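See the structures that follow.
Two complexes come next, and they have one chain in common, subunit A, joined by subunit B in the first and subunit C in the second.
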Partner chain A sequence: MSTLRSRLFPFLMVGPYLVMFAIFLGYPIVRAVYISLFDWGIFGPNGFVGLGNYSDLFGDTRFWNSFFTTARFALIFVPMIMVVSVLLAVLLHRKLPGIAIFRTAFFFPLVVNVAVASIAFKWLFEPRAGTINQILRLLHLPDQAWLSEPGWALVAIALITLWINVGFMVIILLAGLENIPDDLYEAATLDGSSPAQSFFNITLPLLKPIMLIVMILSLIQAFQVFGEVLIMTQGGPFGSTEVMTMLLYEEGFRNFAIGKAAAIGVIITIIIAALSLVQFRVFRQR
Partner chain B sequence: MQTNRTLRWIVLFVLAVLWVLPVASLVLFSFAPSSEILKDQLIPSNWTLDNYWKVLTDAGQGVSIPQAMLNSFVIMLAQVAGILLLDIPAAYAFGRLRWPGRDLVFFIVLITMMMPGILEVLSLYDLMANLGLVDTVTAVILPGLPRVVGIFILRQFFRELPREMEEAARMDGATEFQTFRTIMMPLAAPAITTVTVLTALYSWNNFLWPLIITNSPASMTVPVAVAYLSAADAGIINYTVILAAAFFTSLPMILLFLFGQRWIISGMRPTSGIK
Partner chain C sequence: MANMHLSRKSRLGWLRTAFFGTIAATCLTAGTASAGSIEFWTLFSGPDGTAIDQLVKTFNAGDGKAANVEVKLLIIPWDDFNTKLSVAMASRKAPALTVVNSDQVPVYANQGALDPFTPEELAAAGIDQKDYVPKAWDAGSFDGKQFGVPISIFPRSIYYNKDLFEKAGLDPSKPPATYDELMADAKAISGLGDGTIGLYHQLAGSGTFRNFYSIYWQYEDSIFNADMTDVSPNFTQTATKVLTQLKSFADAGVSPTKDLGPDATKLFAQNKIGIAVMQITDLPVYQAAAKDLGLNYGIAGFPTFGDHPAVFAMAHEFLIPRGTSKEARADALTFIKWIGAHGVEWAKTGKVSPQYSVINSDAYKALPEQSIVTASIETAHFPPSIVKQPAVDKVVQQALEEFYAGRTDVDQAVAKLADSIKGVLSK
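Presenting the complex of A and B:
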């Protein structure tokens, strides 16, 4: 009797969670893949089309535009967040007067939701009254239309995504820096190595595995960027910020081409899964 | 060495100013009359609380900020309670108990962590429509409950607790549940606090799913209501009210940050889990 009870015990503990998991996480994911195989409209399935939605997408210039926009976004965002987060982590790692305040400034955006952050940046980039153009005018530089200019809009979105996420990356990198023994730096200093030399000869090589993780995490973030785009530019101007998630939203929730939207979702997932696979391999190597 | 420290301080200071700038500008102009906006100035020269009064009474676009705050509080309480109730026993089973299929099941749970949220919302919407729950607070709450992060953090914690404690309890004749309830769970208090804080944060700030599933002021959450205000904005005249709404609705999370910063940071460290 007691052995039966102790055998059942783990399942009683994990059961309620797994039921909720199956209904609200597992099932929706599997079903999204299923939907992507149908011509699925606002009233449900109109017929099985196999991989038809996918081949439609691969022949659709709007889809390719969104794919390359996302890739361009990643190419702007990932190097930017890598450089800034490594710089910040190295600067914040050691004690300095006022360091708690500095840390707070960079971690604070972690608690600001994407709607509020987008409003703050929309205000910052506002062409007439926004702070950035005001400062440019004070410096006698030409002001820009920012969010309504195809060349700048994606950069502006990368900046806000950087502002929101850099704290998370810094936390990860700081944990990595703590694992580098201090003796290494002391020995290097005794050998006459300058701080810059120590950075390039000790910090960077030893931080490389963590930096790789940060890079992959930020790539994943780049492919998932959505709220910022929806609130700041709605994909415009002229489709210059229409990332894949934005196209999915348009197709699924405005045009009710739900099968097609699901196919876009599956494609994004495959890209992210591939990137995450690389990440797991890196983790295992450590 | 001294010049090196000074240089570090200056770079940090400049970056910190840049990081604070967006929020500082938002807060400053949220206290300005809307006429101040067109005066070409970095800092408003007149001050008022009118914008906040409007946020509390009539923010515009039919959106009610007090209602959205109430909804978000209800959702936050329900999700924190629900997630702790589900996650603590489940994470204990994953991290501490032996049962067939455990590692496979945990792997499947973990894999969903890298699925983009936008993949799930399409069929979740369908599911909620079938349950008749579209545009309800309940529909916002439910899909947040199986969130994986808490499981991950708590499992890690349970795994690292010393074996001796539960063996001593077993010798004393405690049942498995008593061991869990009276010995292991109290030990997990720091991890439980971390999960509570991270869940509260997620719950208040979650944007995508509430945006999709709610469309009336009666069920909107705070970020959705704020986004509605901002999207409907025709010119820049109403801007100060939007800024005030953005700041006002962030106050609970700012408080959480001030008191719970170390829990937030410890929850995001790579040893405890990934966002």
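Presenting the complex of A and C:
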């Protein structure tokens, strides 16, 4: 009896989570797959179309544009947040008086609502009166039309997404840094290793598993970015920031093609799952 | 204490009654707030929001009270309006009455989200189709059924700075009426120097396609072919003319090469822009600038670039979402009729009235700007009532923004316009 109890105990512990997962993630995913197989309007299904929504999307240049825009965004955002969060984590890992204040300061943007942050950044990026261009002017650098130039708009959105999320990544990396034994650094120092050598030969290799988590999370964030785009550029200029989630929104809430929107959601989910799997495999092999 | 003496069975009975009563009440109140009370969702915000709020209050306090109708207004910002309305419709929580831009009527109607107005109920409410400008009335119809009743029309028009006209040696009582006059006036005003902009027309946003359509329709009545499956056979030729004309202002140095965004109205108010292509709905901003900053402006109809006058216009249309009860529909129509009768008050917020009874009234004729722009409704051209029109507008806007940003030349932009429009129509 006690053996049975001890076997059941772990399931009881994870049970509540699994129930919540099934209600708030499992069911919506299954439902989205179901809806994606229909011509679904405001009031529900108008007819079964099988994989029609998917074939429509694969034949639509707008879908492919949004796919490549999302990929471009991920290519800008993921390396950016990886570098910045690792550097910040290493700096904040030092045992200095008052360091907790800095840790809090970097974490703070995460509690700011995306809409609020996006509106604030929209003002900062404003070409005439915006603070960022005013700083550029002080430095005798040319103004930039941050949100109306296709080249800059995606970078601007990556910057705000970075600002919001970097604190969370830093906290995860700090936990990883805590687990690296100090002995290794002391031994390296005794052997004449410079701080840079210690960073590249001790910190980075031992932080790799945590960096994998950070990379996957960042990649997921990149494929899910939405609020910043909706508020700052609405997918413009010229559709250059129309990421997949923005297209999903347009199809679902502007064109009322809910089935097609669900199909986009399913494709995003598959992409994220596939990328995560590949990354896990690559890191495991190493 | 009395409850304590109730038996378990009767307590359960009470609970059951309360439960099902609540459910029933919830169902009954969808679309109506209470008996004789209707919810009205509007996209009018800013000065329009203040005006409609005041009109609703006046109605509720007077004629509404007498008719036992109370309107509960909810103002939803324009950006979120269609999202919120569609979600409310999907969850069967739509208001009894709403207002949308006329291009959205086919989109909602095609989804089965609206119940059409019947001739009988319109007649019972005293709403007469003959009193309405036909183009505005037709903009509320789809598939042979009437889903919308227009509350206002907003055509494109030009605002011009009379002080700058005088400084440039131009006659402030003679605004430009043709492409050549527009170019000549813009050149003269730009010649004043000190960063003065001769002409401003939007290079980003919805103004791009509205201006493009205005000029296009001056050459040809439709950008689509007869069966709406492709662009018109003359599209390339006509669109090339239009884009060449629009580009000529920037090429001549009289128009900015980058969009001014919200700064445009500020610059106009600061006597930095001579002529601005906008629409009648911008009027309250210029009226406020005239009052507060001494701006001396005039308004005129959209100049003729092509073979005949034409100007893009849309209407705001009252709609009644599907599932609204018969009583609530009657209440909504009472309010629609009342707003129509108070059309002068609504027009003061920068609208052209769609009703002849209002347009021909002395009070309306006394509104100088509205009267000038109303003259152009004879040549007003509404986009066709098709489901795909908003999607077409979006791709046209995108292609024009690219063109104005210098990423495509005239030929490339025309080709992109044709391909994009065809792409939308073929879906």
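Going forward, the second predicted complex is superposed on the first by the 243 of 286 C-alpha atoms of A that agree within 3 Å, B and C clash if a C-alpha of one lies under 4 Å from a C-alpha of the other, contacts with A are read in each partner's own complex, and residues count from 1 in each chain.
The definition used in the following text is that a contact is a pair of C-beta atoms (placed from the backbone, for glycine too) under 8 Å apart; a residue touches a chain by one contact, two chains touch by 3 or more.
A quick note: this is a predicted structure, and the numbers were derived from the prediction, not measured.
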First (subunit B), second (subunit C), both or neither touched by A:61: second
First (subunit B), second (subunit C), both or neither touched by A:24: first
More subunit A residues in contact [subunit B versus subunit C]: B
Touching partner for A:237 - first (subunit B), second (subunit C), both, neither: second
Touched partner set for A:122, first subunit B, second subunit C, both or neither: first
Subunit B versus subunit C as contact partner of A:219, first or second or both or neither: neither
Which of subunit B and subunit C A:78 touches, first, second, both or neither: neither
Which superposed partner A:248 touches (first subunit B, second subunit C, both, neither): first
Set of subunit A residues, in rising order, touched by both subunit B and subunit C: 128, 253
Subunit A-facing residues of subunit B, complex: 4-5, 8-9, 11-13, 15-16, 19-23, 25-26, 29, 37-38, 40-42, 85-87, 89-90, 92-94, 97-99, 102, 105, 108-109, 112, 114-124, 126-127, 142-143, 145-146, 148, 151, 175-177, 180, 201, 204-208, 211-212, 222-224, 226-227, 230-231, 236, 239, 242-243, 246-247, 249-250, 253-254, 256-257, 261, 264-265, 268-271, 274-275
In the complex, subunit A residues that touch subunit C: 41-43, 56, 60-61, 128, 145, 148, 150, 236-239, 253-256
Contacting residues of subunit A [partner subunit B, same complex]: 5-7, 9-14, 16-18, 20-21, 23-29, 31-32, 35, 84, 87-88, 91-92, 96-99, 101-102, 104-124, 126, 128-129, 131, 134-135, 137-138, 163, 168, 171-172, 175-176, 195, 210, 213, 217, 220, 223-224, 226-227, 230-231, 245, 248-249, 252-253, 258, 261-262, 265-266, 268-269, 272-273, 276
Subunit A partner contacts - residues on subunit C that touch it in the complex: 82-83, 86-87, 89-90, 107, 111-113, 204, 258-259, 263, 322, 390-391, 398, 401-402, 405, 407, 423, 427
